[in-house]
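One chain, chain A, appears in both complexes that follow, with chain B as partner in the first and chain C in the second.
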Partner chain A sequence: MIAGLYIAGHSALHRVAAGGKILALMVLGTGVFLIADWPVLAAVLMVVLVLYPLSGFGWHILWVQARPMIWLLVLFFAVQLWLNDWQAGLVVVLRLAAIVLFAALVTLTTKTSALLAALERAMGPLRRLGVNPQKVSLAFSLVLRFIPVIAQVASEIRDAQRARGLDKSILALIVPLIIRTLKMADDVADAIDARSFDAD
Partner chain B sequence: MNTKDIVYIALFAAVTAVLGLFPPITLPVGVPVTAQSLGPMLAGAILGARRGGLAILLFVVLVAVGLPLLSGGRGGFGVFFGATGGFIIGWVVAAFVIGFLIEKFWHRLNVVTAAASIAIGGVIVDYAIGNIWVAAVVKISYWQATVGMAPFLIGDGIKVAIATIACLAVKRAYPLISRSR
Partner chain C sequence: MITLENVTVQFDQRRVLDAISVTLTERRIGIVGANGSGKSTFVRLLNGLQTATTGTVRVDDFDAAKDGRKLRRHVGFVFQNPDNQIVYPVVAEDLAFGLKSLKLPQHEVDRRIDDMLARYDMTAFRNHPSHLLSGGQKQLLAISGVLVMDPRYIIFDEPTTLLDLRNRNRVERAIAGLDQTVITVSHDLDLIAGYDRVLVFDRGRIVMDDLPAHALAHYRGMMA
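Moving on, here comes the complex of A and B:
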């Protein structure tokens, strides 16, 4: 469920350091908003599209990434056509498609663990502002561990409420879910402290 | 920030992720409503400003690094460049504002003050930020974006009600805000 979107491979893009790919994405994300010519943006999108087969991904993977945004792109194009003209529509659509598909490519070619490690390194300078990278790291790992646990507790409570005829009520789920998981959180914190995790 | 705070922060980041697993409900008027934006409301209302805001910030960072935690299994950096990116960034501020107001009203918290706090942060603040993205990405004016959001207010009203009841129930059973000050 939370395996991330990574697909293993050995392409050039797979081998680029995670930090470099994040930087490239930030540059592209800023860059396309500075370009207002649709033919230039079409060329940018073509480059992004060509990177898919170059990274070893077939059209199917590209389609899976593109499919969720297609109706949005159609809607944006229609809004532009109505308010402005078709050139403005193309600019909006090409811009968005290029960024979203490149961002997807970064996540497809980079392990979540590598992205998190890059993030922990990037947080080093924040130490001076009072941010403790180890604490942030602990929080990251805890979230990944908590998600399946909470989903499990939620399904148990749902079963219990179904026996009372309350399985349609989100309130009958949320309140016990929060209180049960808060109690669990206290135990987890005690266990971490008992193992001498240095919080300060 | 002690270990307990870190665990609570991680817990509400995870709760927000789990809320994204619920399938969206489509209202009779045809507007989809997802449970996920309950996450920032609950985080702020139950943990307070600092921990609530950090919980949602943690969630947003995990989405940014590529975990498919947003409702519909979306994730990755591209989300923030899309039309709905502003709402997700707005959640961090929303959770903080809700927490700030709930802390202010803590000793006279009732249905009215809790609901007002949650609505100001979770609806007004979040739309104020989210609509900047909508206006920029769809290239419409900020006012047009704001008017276009009107149908979604029905779902938001339901979520404010749920978060208010949950906030008051948890305050009675397991208060975390007074304990921290």
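Moving on, here comes the complex of A and C:
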């Protein structure tokens, strides 16, 4: 689900450099925690929502981004309502929604390679501490690339175990999934070597 | 030219390749053998993914023991399962992955990617998530990811095993159209029947080295 979020377009947000968008995300992510007034947070969320159509995305795409966190938002609101009051609940929900939806907008309007290149540049100063930015960037790209692949493998194993009547056994899913994932990791490492990956 | 002299590969107590000496100069070379016969280890030696326990492996001017990184740019490798070879989540970004090591200017990177996508009618998939491609398209992307590096040799390790007939034929045509020297490991004997030379492996040794008609007949006899 994460991989391939980028949707090509020509909006102003598409044209902003990846580094600028990541910086804006950091500012927003920090800024909303300095605001404790729910009407102001609601205005911030409105701005984020308006950026979707301005970037060429319809309400369906916005809903796809928002849907996975709906239950989490309901849960957080309920906990705050129970511990504090409805205003506190709204503050938490609006903060989280603004951050997640803006982060999704950044990935929708920015190629993975551009995000990773910005990440590499940002980590440049860490070289002195022994961090290799290329390797960290490759690790991020592999996570994005292999989440759907591992999900597919898990689905295949689940089907195979269901066919054997083992659909209720977590072990019957986890053990072959770990073994196949480790084997896949070996093969991917070989492929990365074979494709002349140069981290130096 | 590829030359192996008295090459042995040993994993713990198991000898996987036993005193292999061979020189390869043909443009299309097929390799067959039962599972565990040493054929995959043999081709892994040719681009430095595997090092020889004893003996020497040379590809043109490169010594596999000393020039591993240069050798991998000279000898491309396409694996059986393209899902393990595609490392970026978007098609064009995956093609750009190997090119990073060549440190080319961006316009040259873009040109090579455009040419490669056009070559296999995949231009429309430029910004497509790679995990959503069909099996055949994934294999073509894996081949493109190697070709874009412009290697002199390309090794295919069972490239059609996971494909349906239509995609198998598509990959066969793609391989047939390559200018590079091709070395193909395959259980699909029709794929290599038109090659220049076929090596048959058994228990770590080359037991037959001949034109495809003779070598494949020998192999079929072995497997009967």
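One rule holds for everything that comes next: the second predicted complex is superposed on the first by the 128 of 200 C-alpha atoms of A that agree within 3 Å, B and C clash if a C-alpha of one lies under 4 Å from a C-alpha of the other, contacts with A are read in each partner's own complex, and residues count from 1 in each chain.
Criterion: a residue touches a chain if its C-beta (ideal position, glycine included) is under 8 Å from a C-beta of that chain, and two chains touch if they have at least 3 such contacts.
On a predicted model such as this, the values are computed, not experimentally measured, just so you know.
Q: Once chain A of both complexes is superposed, is A:M123 in touch with chain B (first), chain C (second), both, or neither?
A: Touch partners of A:M123: none, neither chain B nor chain C.
Q: Output check: A:I170 vs chain B and chain C. Expected answer is one of first, second, both, neither. What do you get?
A: first
Q: Going by the contact rule set out at the top, does A:Y6 touch chain B (first), chain C (second), both, or neither?
A: After superposition on chain A, A:Y6 lies in contact with both partners, chain B and chain C.
Q: Quick one: classify A:T112 as touching chain B (first), chain C (second), both or neither.
A: After superposition on chain A, A:T112 lies in contact with both partners, chain B and chain C.
Q: Once chain A of both complexes is superposed, is A:F140 in touch with chain B (first), chain C (second), both, or neither?
A: first
Q: Touch test for A:L73: chain B only (first), chain C only (second), both, or neither?
A: Touch partners of A:L73: none, neither chain B nor chain C.
Q: On the A-aligned overlay, A:I178 touches which partner chain: chain B = first, chain C = second, or both, or neither?
A: A:I178 sits against chain B, while chain C stays out of touch.
Q: Among the partners chain B and chain C, which is in contact with a greater number of residues of chain A?
A: B
Q: Looking at A:V16 after the superposition, I want to know if it touches chain B, chain C, both of them or none. Which is it: first, second, both, neither?
A: Touch status of A:V16: no partner.
Q: Give one of first, second, both or neither to describe whether A:A160 is in contact with chain B, with chain C, with both, or with none.
A: Once the two structures are laid over each other on A, A:A160 reaches no partner at all.
Q: Identify the overlap between the chain B-contacting and the chain C-contacting residues of chain A.
A: Correct list for chain A: 4, 6, 112, 138, 142, 149, 188, 192-193, 197.
Q: For a test of understanding, state which residues of chain B touch chain A in their complex under the given definition.
A: Listed in rising order, the residues are 1-4, 6-11, 13-15, 17-18, 21, 35, 38, 42, 46, 58-59, 61-62, 65-69, 72, 74-79, 81-83, 137-140, 162, 165-166, 169-170, 173-174, 176.
Q: Report the residues of chain A in contact with chain B in the complex, numbered from low to high.
A: Residues in contact with chain B: 2, 4-6, 22, 25, 29, 68-69, 72, 76, 79-80, 83-84, 88, 92, 96, 99-104, 106-107, 110, 112, 115-116, 119, 135-136, 138-140, 142-143, 146-147, 149-151, 154, 170-171, 174-175, 177-179, 181-183, 185-186, 188-189, 192-193, 197, 199-200.
Q: In the complex of these two chains, what residues of chain C are touching chain A?
A: On the chain C side, the touching residues are 44, 47, 49, 69, 72-73, 76-77, 79, 81, 83-90, 93, 96-98, 100-102, 127-132, 145-146, 149.
Q: Per the contact definition, I'd like the list of chain A residues that touch chain C in the complex.
A: 3-4, 6, 8, 111-113, 138, 141-142, 144-145, 148-149, 152, 184, 187-188, 190-198
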